[in-house]
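The letters A, B and C name the chains in turn, as written, and every chain counts its residues from 1.
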Amino acid sequence: MLHLLTDPFRVVFMQRALLELILLALVSGPCSVFVLLRRRAFMAEALTHTVFPGIAVAFFLGQSLLLGACVAAIASVLLLGVGWRDGRVDHDGFLVVIISAFFAVGVVVVSRGHSFASDLTALLFGKILAVNRAELVATFVIACVVVGLLVVVGKELIAVAFDPVVAVAWGLPVRFLDVVLNVVIALVVVASLKAVGTALVVALVVVPGAIARLCSARIGWMMVIATVSAAVCSWIGLAASYDASLHHGIRLAAGATVVVLLTMTFAMVAAVTAVMRVRDATP
Amino acid sequence: MSRADVALQLDDVTVAFDRDVVLEGVTGTVNAGGSLALIGPNGAGKSTLIRAILGLVPVERGTVTVLGRTPVAARLDVAYVPQGDALDSEFPVTVAQVVLMGRYRRIGWFRRPKNSDRAIAMAALEQVGLAPRAGDRFGILSGGQRQRVLIARAIAQQARLLLLDEPLNGVDATTHDLLLEVLATLRSEGVAIVMATHDLSVAHLACTDACLLNRHQFAFGPIDETLTAPTLRKTYGAHAVLLAGDSTIVMPR
Amino acid sequence: MKHFLDVMSTALMHRALLEAVLVGALCGAVGVHVVLRKQPFFALTVAHATFPGVVLAEIAGLSFLVGGAATASLVTIAVFVGSRDPRFDSNTVVGIVLSGTFAAGVLLLSARAGGAKDLSAFLVGSILTVDHRDIVATLFAGGVIVLLLAAFHKEFVFGALDPVGARASGIPSAIDLLMMLLIASAVVVALPVVGTMLSVALLTVPALAARLWADRVTSTVAVSAAIGAASGVIGLCVSAQFQIAAGGAIALSACAVFVVSLLIAPRSPFAQHVRHGLRQLGATGRSRLDVRGDA
């Protein structure tokens, strides 16, 4: 049984894929806990869509996709950081306009190219098995930056998430902290592009934190659980997609397999904890 | 009295939102170890005055001086306990973590809480009688216990001025008595207290001075001189009901 | 220009225009409720959730409408139930369901032999391939949606403005579920026009723009439907002229209308700020002149 989980990783490209996904788990785990606490799931989704035109333009111009993604991420973080405080067009509405506009620009740019369908697929869903050494290094650098930022502002972010009113009274720069969190989310999104693509990356920054919250109400433990669940799902998902295509003739997209596993884990943990709650309640 | 003993100095403080004057001409001082009750009906500007002292709303006219500095410069030495139950009861923090948050601004960016910070937080929790609950999740506490934790967070901040918005609203009898005791202890240590309340008995029990507000200031001074039937009637208008003798009942709006 | 006129005069283009107008108007009308209920993220999720259904229907040889409607309804119910857990805000639940269903669609598609050739049509629409049956389906579904919107109008509006009060006055929470299902239906109907990724644009942006022009719910619905239909026509023309993806062009047209509304609409906060600023500038300019006059 265990060899199903180890055998696939004798191949170099599978080792690289696993290393990439574990690096991502190390950043997306803690990041997803902050996304949950500060209620930024929608913002995370918005950033995944707004990064898309950057990649599309870079692809079209033959530039580095990572560069394009970074430019688009910075632009959208700044735009969304300006924020919106008005009753008629609320913050979520403002986000949707930006999402729609950015994503539509991406689609329009890609549609001007020659191989529209296959290009769109690669950009949206990633190609984890084609990760190369340079991309691994880039992911590592981004991971270091993300962990560094979270260490610097972590306790302040938690204080703001818990009690925004008093945080303002203490003089904590709430808006600046939110921009930092947006930068962190954007960096995780950019780093995950190759692995799961823009359309699925939101899973990495939302689901692990939610799994962790089901298991624990301690922030420290939640970070550990989120990271471990992301890493384990990546491992099993990669192995499963490899095994399915090699031995059963079913091609399963690796990135999508990982994401499906993550959401299934959430559903299972939710079911188990719900049953345990009911059992605790009825003596 | 030397300037160092003045915790809060208000001088003709006037606040306006979009040219709508919501608070006008508040003038008075609170000394170190003193305590001021802000009294007035809902919408009188009590919370606005507190926000002005915190430097969260700009004053249109006049000055707010906190511990000899501007409100923004004095923030580290000002603790604030807001009104009510607005906090997310499912938020995954322990009671001890909430109290420790009171230390965060003193700890500063980058650094993690030290053992001395944890000791101060535990002592504050001890003071409000909740040390045995330190490891529990904040959300499972009762309303009165949560209020005690938030006061402990303010104590842990080791501020020189404590601002409270309706601190004893809807708390149980134990919490009520315990918090009055805690506030008295803090004052004996030289902490100045400003609390917004519309409970006159709380004002009498906890405060030496009172400021009667309804858009503008009706009285400011020692509580026995200011909390009188005529000034209350002026402040509350038709909502004050005079009973036999000198006691006034204020009908909350 | 001649090429443009040639393209616009084909029967294919006429069908596409008709479909764009119908879907644009329908999404505009439903979108007002999406915006009132602050559920744009939910609309986004339902749009993503149609994806596995569309792929399944394609494999089974069924109409995409059937598959899309099936998974969209399932997900709607999952979000409705899951949002009741107090530990998570609804956006977190929505985010989990969104990524899970979308990944399931990608998995199904990758497992199917033949790979990704039709993917772009699902994702960003293929309005130029709509036929008569699609238009009839749109008309039918749109008619049902509009009828339900009209029948339960006051309950929907009450529930959006004051959920607790609506519950207290005896309006069942099933009305919220019905609204979510209507949003899901509109998303499915919009699939051939703008695809899964961009249907949220038609479902929210016209309504957001309309709020800047109108201040009653009914008039907002009318303005929003008009903006939706206009976005469909403008986007289609632009896409024919510059040979770009129609779905993207339609979404961008809606966004352009929003930006224009932001600049000139009477109720736009931005326009109000500018007017206020100009007035103040005028006032200070005058007072400066006065001072100079005194000196």
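Assume a contact is a pair of C-beta atoms (placed from the backbone, for glycine too) under 8 Å apart; a residue touches a chain by one contact, two chains touch by 3 or more.
None of these values were measured; they are calculated from a predicted model.
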{"item": "Top chain pair, ranked by how many C-beta pairs fall in contact", "value": "A-C"}
{"item": "Chain occupying the middle, per Cα centroid", "value": "A"}
{"item": "Distance-maximising chain from subunit A - centres being C-alpha averages", "value": "B"}
{"item": "Subunit A and subunit C, separation of their C-alpha mean positions in angstrom", "value": "25"}
{"item": "Whole-Å gap between the CA centroids of subunit A and subunit B", "value": "42"}
{"item": "Centroid distance [mean C-alpha coordinates] between subunit C and subunit B, Å", "value": "47"}
{"item": "Contacts with 2+ other chains: residues of subunit A", "value": "213"}
{"item": "Residues of subunit C whose C-beta touches two or more other chains", "value": "87"}
{"item": "Where subunit B touches two or more other chains, by residue", "value": "none"}
{"item": "Footprint of subunit A on subunit B - complex, ascending", "value": "54-56, 72, 75-76, 78, 80-82, 86-88, 91-94, 97-98, 101, 104-105, 107, 109-110, 112-113, 137"}
{"item": "In the complex, subunit C residues that touch subunit A", "value": "35, 38, 40-41, 44, 48, 87-89, 91-92, 94-100, 102-104, 106-107, 109-111, 116-120, 123-124, 197-198, 200-201, 204-205, 208, 211-212, 243-245, 247-249, 251-252, 254-255, 258, 267, 269"}
{"item": "In the complex, subunit A residues that touch subunit B", "value": "37, 151-153, 155-156, 158-159, 161-163, 165-166, 168-172, 213, 216-219, 222"}
{"item": "Of subunit A, residues touching subunit C in the complex", "value": "36, 39, 41-42, 44-45, 49, 86, 88-90, 92-93, 95-97, 99-101, 103-108, 110-112, 116-118, 120-121, 124-125, 199-200, 202-203, 206-207, 209-210, 213-214, 250-253, 255-257, 259-260, 262-264, 266-267"}
